[in-house]
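A short write-up of the structure that comes next.
By written order: A, B, C, D, E and F. Residues from 1 in each chain.
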Amino acid sequence: MKVTTLGEIMLRLKSPGHERFMQSPSLEATFGGGEANVCVSLANYDMETDFVTALPENDLADACIRQLRGFGVGTSNIIRREGRVGIYFLETGANQRPSKVIYDRAASSVSLASADEYNWDKIFEGTTWFHITGITPAISAQTAEVTLRAVMEAKKRSITVSCDLNYRKNLWKYGVAATKIMPKITEYTDVVIANEEDCQKSLGITNDTDVTSGKIDDSKYKELTDKVMELYPNVSKVAVTLRESISADHNNWRACINNGKEFYVSKKYEIRDIIDRVGGGDSFAAGLIYGLNTYDSDTKALEFAVAASCLKHSIEGDFNRVSVKEVENLMGGDGSGRVQR
Amino acid sequence: MKVTTLGEIMLRLKSPGHERFMQSPSLEATFGGGEANVCVSLANYDMETDFVTALPENDLADACIRQLRGFGVGTSNIIRREGRVGIYFLETGANQRPSKVIYDRAASSVSLASADEYNWDKIFEGTTWFHITGITPAISAQTAEVTLRAVMEAKKRSITVSCDLNYRKNLWKYGVAATKIMPKITEYTDVVIANEEDCQKSLGITNDTDVTSGKIDDSKYKELTDKVMELYPNVSKVAVTLRESISADHNNWRACINNGKEFYVSKKYEIRDIIDRVGGGDSFAAGLIYGLNTYDSDTKALEFAVAASCLKHSIEGDFNRVSVKEVENLMGGDGSGRVQR
Amino acid sequence: MKVTTLGEIMLRLKSPGHERFMQSPSLEATFGGGEANVCVSLANYDMETDFVTALPENDLADACIRQLRGFGVGTSNIIRREGRVGIYFLETGANQRPSKVIYDRAASSVSLASADEYNWDKIFEGTTWFHITGITPAISAQTAEVTLRAVMEAKKRSITVSCDLNYRKNLWKYGVAATKIMPKITEYTDVVIANEEDCQKSLGITNDTDVTSGKIDDSKYKELTDKVMELYPNVSKVAVTLRESISADHNNWRACINNGKEFYVSKKYEIRDIIDRVGGGDSFAAGLIYGLNTYDSDTKALEFAVAASCLKHSIEGDFNRVSVKEVENLMGGDGSGRVQR
Amino acid sequence: MKVTTLGEIMLRLKSPGHERFMQSPSLEATFGGGEANVCVSLANYDMETDFVTALPENDLADACIRQLRGFGVGTSNIIRREGRVGIYFLETGANQRPSKVIYDRAASSVSLASADEYNWDKIFEGTTWFHITGITPAISAQTAEVTLRAVMEAKKRSITVSCDLNYRKNLWKYGVAATKIMPKITEYTDVVIANEEDCQKSLGITNDTDVTSGKIDDSKYKELTDKVMELYPNVSKVAVTLRESISADHNNWRACINNGKEFYVSKKYEIRDIIDRVGGGDSFAAGLIYGLNTYDSDTKALEFAVAASCLKHSIEGDFNRVSVKEVENLMGGDGSGRVQR
Amino acid sequence: MKVTTLGEIMLRLKSPGHERFMQSPSLEATFGGGEANVCVSLANYDMETDFVTALPENDLADACIRQLRGFGVGTSNIIRREGRVGIYFLETGANQRPSKVIYDRAASSVSLASADEYNWDKIFEGTTWFHITGITPAISAQTAEVTLRAVMEAKKRSITVSCDLNYRKNLWKYGVAATKIMPKITEYTDVVIANEEDCQKSLGITNDTDVTSGKIDDSKYKELTDKVMELYPNVSKVAVTLRESISADHNNWRACINNGKEFYVSKKYEIRDIIDRVGGGDSFAAGLIYGLNTYDSDTKALEFAVAASCLKHSIEGDFNRVSVKEVENLMGGDGSGRVQR
Amino acid sequence: MKVTTLGEIMLRLKSPGHERFMQSPSLEATFGGGEANVCVSLANYDMETDFVTALPENDLADACIRQLRGFGVGTSNIIRREGRVGIYFLETGANQRPSKVIYDRAASSVSLASADEYNWDKIFEGTTWFHITGITPAISAQTAEVTLRAVMEAKKRSITVSCDLNYRKNLWKYGVAATKIMPKITEYTDVVIANEEDCQKSLGITNDTDVTSGKIDDSKYKELTDKVMELYPNVSKVAVTLRESISADHNNWRACINNGKEFYVSKKYEIRDIIDRVGGGDSFAAGLIYGLNTYDSDTKALEFAVAASCLKHSIEGDFNRVSVKEVENLMGGDGSGRVQR
């Protein structure tokens, strides 16, 4: 069992506390990015993982690799080439003020690398599950090509492929729409992961839920996921996260899964003091991959994924620093937050 | 269009996070003060502004001016004279524990400056709106005289005058009661801004609402604002902020306006994770000034003011670091706090 | 009136903010420990106090004593001997993620000191109230012996003894169960303080309340406290704190007292943005001791204790940095958290 | 009198203290860049200045402009266009370990802007002195074109032009050598500023001084500057900074000037505890511009420049935060560092 | 043996590291002031001490007292009255840039208190040594009167009086020259402590040493101290600190003493990496008081004082946090700074 | 080529900057320990390494392992068992004030583990060089036994053994003298590393150099190292570091090596602004191991070791974060510290 992911890992520069950008002359500097976040989560669950990306030859990239390796994530398929370390700037919202992301990914090494620079044979050696997100093809024409090639190479080797559609409106700036690329990628995907609006924005499948109202109508998600599976018969499971956003620090969090046989909606978690919401979706994807590979029931896998990502909202940084035991405690019902001593 | 304000800007020394005073050997050091806060808000909305005050000739005062100028606030009418930079110490409360302010304003330059030290012709050149608060006359006999002189000079030049009554029980220590001074100032005021208890404490107009209970009865505010306009026929509009204080970090926030023709109560915002409440009233005043100068309806101006000051509760420091676009987004209904990326 | 306590004071090393352990290379370093916390609270209420413990001869222990002395706590009965300063590492939870404590108390000076090393005559000279907790006998065979000896020496001198049962599942590792020691100590106790599960875990008295469910059934506590007083006729009062733990940052907080004549349940406080929960129980004990020594009614004493400990949840660190006036304000009904300025 | 400069201002991200990159998850975030540094210095000397550059439309660029404006630097000729805010990462050395800079300037707005995007008439309106450095043409083909155009436009308007040759080996990556561009720029320059190796690397004029040995032979600099003036008869003055680098924190600092009539070597300052060396050369250039515009002697101008830049080594950040009075005190001989109180 | 001092203790607000004022929005906040510094030093040497001052009734003053008490300094003669806590702002220099102090002491409680507010009987009960400095009479007419009264009251009770002349050019602003007051105080003084220029500025005794040159001529100090003892026959000892200021972080440090019989110059310490120079003189005074009360030789007392104050230059904050053992180690010759492990 | 080391890795808790212990409520928290430091250095030079120790099962130990793994150090032979993570507290000196270490290692997992708990076959599989220090046997009787067993097991497998004698006066508290254990270990050692006083304190070989005087007489070291090789014929090389300690921040640094054929003294580095001296000796040992395994000359290996450890003095933390290229640059003569940009 080995999970491989491919994508961009960035330097994440966050203003302190809830400050607006540059209110103080200081930035919190960590690393993160959708696919790397999935690897770190899985490594924290003691799974074997490998993260594929392109990074330049400099001290920042070295530090990034050092951190991934510390978590136990495989880094031997990271190629070093011209370009920058991509950056994203983050300002944390509160109440009615949303968090804000400034992407600074132009000319990053991963955005410049072509599909042929990667050694697909080496990358997929021993891999049993390959995970990709809709962020990578949104970066550049090259990354779109790389993503498509990657899922094709994975399928050629009978590796299970999961894709988190993950639509980002501030990316997709290189002249091609998400709906031109994501459907192709979905054709090679076994497990589709999405949030409320991803299916529409990425696959063009309409769903009349109003995301900003904060209310979610479950039956709509049964229809929506049925539609995905109908259009993409290769897809065996579709999982959708259902976030009710009351305010920047108060969300309700659940998810549903449709495996063609049953449609199941998880337990709901009320999260009233969000510490860090970024990486929440990635921690769900990682939880689902862990669950589907560990438990014999899709509903239990879903509950693990939802509990894991619920906990992520209480953890600073992109990475979900929790153990299987902590997730299972929450699944088992103890969300009272009593001090462990 | 140019808004001028006059008042004291202080060094604001806050204990870190929610710590009590001097729990750690560190203080967050920024600048703030009611009228300066209004200027900074308006400058952030791209309005021309000028801030009038007195400061000593030292590096702290220089830094203060540098900061105002950075926001685009006019600083050419700041006089430099003997005295100190005033200070206020702040400790941020939580839950049932209130925030605490220690004023340290004795012998500040502004408290010592007399009305004749200011060049009123130069100050009001080009000014179309003059804003003042009840804090300035509360500092010293000199500032009371300066405030009164300022509104008289403004009216002489047909400038619109707004006054935020802003009663502070820990000021007014120099031997004269607020109710001796504020009524005189109100006689030169076009737009009165107040909170729940200001009218009583500053103008002596009784209103039997119990502020500490947290419940607010709207009809009382119709009566109250009618009474103000009756007593001061020069006043064309009275706006009152209505804060329900559930706890130090949880307030409900609305306001009402009475323009003689209609009485309108705004939308209510529930703010459950207050980041910094200081400057909330100032951000309302600034929003109202912006709104009354921009929109053709008093109710829209009020909604802008309430939304702007709602956002202030999520911003660290005295200054409301938000743009017109951000305020209008919230007015338009999106308070879900979803990450902008 | 002089209150003496005996126990371990530790270096408290907390990860910054809500970070998990070692996420950043920094730890907040303060001091704390159940019995010392009680002394500091009482000193903040202007009571005479003395804290008895054993510490090594090094700079950390010196700093610890300097801090206690700063609060006005008596430190002249602290013995200096071989061993370490005990440590506890703390990570602050949020939402569904609980706070976590790692005890690092092995080989601490207090854990190694025997009962004969303490000068009981000097310790109890002038003492009118002696307070102890169930944490001290949980550390080592020596501390169990010291605790028992201490209450016997106190009773010999007709000093009132209070004991906070305070069960800690991660202590009691030296081979003896709490239920072997705590009943003996209770035989010398006048005032028993406990939380929901302490009576069961420490005295073996069963009570079918489910703590993790978050719901509390008051009648159960009448029965429970009656049972304690029946089994220990020397006990004149039993006070129990009732914490409903909705999440790591949201608790409801009350307490009850049974003095043999009446059973009284206090006002309930909803605490939605917990800053620091550690030391909450100690602040209750201190409040109760203050109250019982100050007011002529047990119910008023209880209300003081509950209000004091409610405020503790808003204060960073183990120590409850509040004054009698602040507690009485909250008892008097002002929990609106309005800025004091 | 108005000094205009044109160049790139970057976000400067420095690791804390003397830490290597990413040793802690934190970066100090300020702004800086050769030409902007010159403007800030001059604004601190109360000269009128204007900084020309290109920046994107985002919150980082806004913060950058806010900071420049705070110092009083003119920002009305900054164009906003596609691209990034350039970044440089800085790690501060000590002893034998050098400081390290990672440039992250690819795709910055200024690197993409063409000469026609700038409004030269508006830029040079009122300008009496124009300053440029060898860093700008080193960024991209576009910036090389812009720089050349700028000096031509300036000369067309009879504005005095100064150029700090400022060779950076980690730039000039776009396929053209410094020696192809800098000579052309020098043809439009009145005052050339250089360090020990700039003349060679930028103008191809050889000089057999060994920079890394730390020893400097003055007579060589007479020859060198004579050669520059011979080759570029339009150049009326050449000033060269002479840095003896004993270690990363210990430098000796002087400069010389050749105005065709006399060759003068300044006083030497021994700087043994360098706080921040970056921006040292820029503070020299600014000091020289101030001096040449203020004093009637080139040697006094040089001494001002050397003293100003000596002080810069004791100031954190790119900007030289000193006043004319502080520089003149040092020129006047008081370098004893006695506390001013 | 009990040493009493009287003076002002201030909030000391320092910019971080070597930053100029308000470069970052943060200030280090500790307490300090000449006479309090002496008490803390002596308390660290296990001497009984008492610090007399006036402070307001607020949380800052409480924190200040808490800190003094923590060190073991007596605080029972501190009077609480109207006024502020005095403040001084500090910016730490480097190399040729001097440290800078902004005094913010106007209207402090101590500056307003009159001599009759102090209870001289209670203050001097048990006191064997009284120490005063030239800073206190420099604050206001009231403090000048208090200081004079204090030394008279002390002498009336046959208490040894020491006075550190301590001339501060930025004080003495209330209309009376130092040379009008200090001679009167000196008439009640047994031990005079001074630095190079104090005798001239405070007592009007000329001495042609040029302080800013950095060179010190010993023979001049023999003459100077002889002159003091001639003019003030009541003075039994005069000690003068001799600071050669090479730069802000590099000083040479020695002192001399004249006891009427012998003139002795101490060992010289070269201090090349000054951490904090403020409080250096106070640590010398404290060392001298300790030495004169402990050793049987004035020269040994002087060497203790010089070694103690040498160490102070390596300690952050006003207070000299060293033990007798550490000072004696340095006196004994070990200044090699080898790690103690 | 694979280097294995065995020892204790501790949590290193340092007071901020140059502060004394607990001056602020904060500690810098990293990891370090002699043998682990050697592994990290070697990993930074791209050598294969493995670190053997015992740690408890808790989050601190997990974080420690995560960090080692991040550097690429092998961690698969770390055993997890009862006990604590050892701690050392560090306060950084300056000038005449020495740095201070408080060891807090009692009851650490490694101090309790017996030799049989380690799997020697697995540990030494593939190992070509084994490194040990005199610190490990100084901790407890168990660690002494483990160290001896380790070198015997290594020699049994013909692995080269190096030992850094590293005498620590604050350890060796368990009742056996260093001179009873270290000679036995030296009998199994090929390469002995020592500082000026280690040979005397560990092996009982006298050498009349006075370490604290700061002066070093080279010829004494020829004699001393000859004596070691005479007494221990199995030893093929002895390297001694020669530190002249001028003050806590100013040391001169060299070393010598004796390989039986030649005695060679390295270049001397003057280090005037020491950032962190702890781990200096370990970085020398690592440099020597790297050098002896890489270069064909012992003198070049020594120069690498001295240059590497010279650089360590400029790096914060126990670990020497430098690359082979950086060390070789310094060996090649560039110690001028010029900015790399």
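Basically, a contact is a pair of C-beta atoms (placed from the backbone, for glycine too) under 8 Å apart; a residue touches a chain by one contact, two chains touch by 3 or more.
Source: prediction; values computed, not measured.
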Problem - Those chains which touch subunit C and also touch subunit A - result: B, D, E, F
Handout entry: Of C-F and B-D, whichever chain pair has more C-beta contact pairs
Key = C-F
Practice task
Please state whether the interface between subunit D and subunit E is built from the same residues or different ones, using more than half shared residue numbers as the mark of same.
Solution key: different
Exercise for the section: Match interface A-C to one of B-C, B-E or A-E, accepting only the pair for which over half of the contact pairs are the same residue numbers. Expected result: B-C
Exercise for the section: Overlay subunit B and subunit C by their C-alpha atoms and let me know the rotation angle in degrees, rounded to the nearest 5. Expected result: 120
Completion exercise
Distance in whole angstrom between the CA centres of subunit B and subunit F is 62
Practice task
Would you mind pulling out the distance in Å between where the CA atoms of subunit A average out and where those of subunit D do?
Solution key: 44
Fill in the blank from the handout: Touching two or more other chains in subunit D are residues 20, 23, 25-26, 100, 272-273
Exercise for the section: Just say which it is for the chain contacts: an open line, a closed ring, a star, complete, or other. Expected result: complete
Handout entry: Residues of subunit C defined as touching subunit D within the complex
Key = 23-26
Exercise for the section: Enumerate the contact residues on subunit C facing subunit B in the complex. Expected result: 269, 271-275, 310-311, 313-317, 321-322, 326, 330, 333-341
Problem - Residues of subunit A that touch subunit F when the two form their complex - result: 66-67, 69-72
Handout entry: List of subunit F residues in touch with subunit C within their complex
Key = 13, 20-22, 25-30, 58-60, 63-64, 83-85, 87, 89, 91, 100, 102, 104, 106-107
Completion exercise
The residues of subunit C that touch subunit A in their complex are 17-20, 23, 93-101, 103, 168-170, 211-212, 214, 245-250, 272-273, 277-278
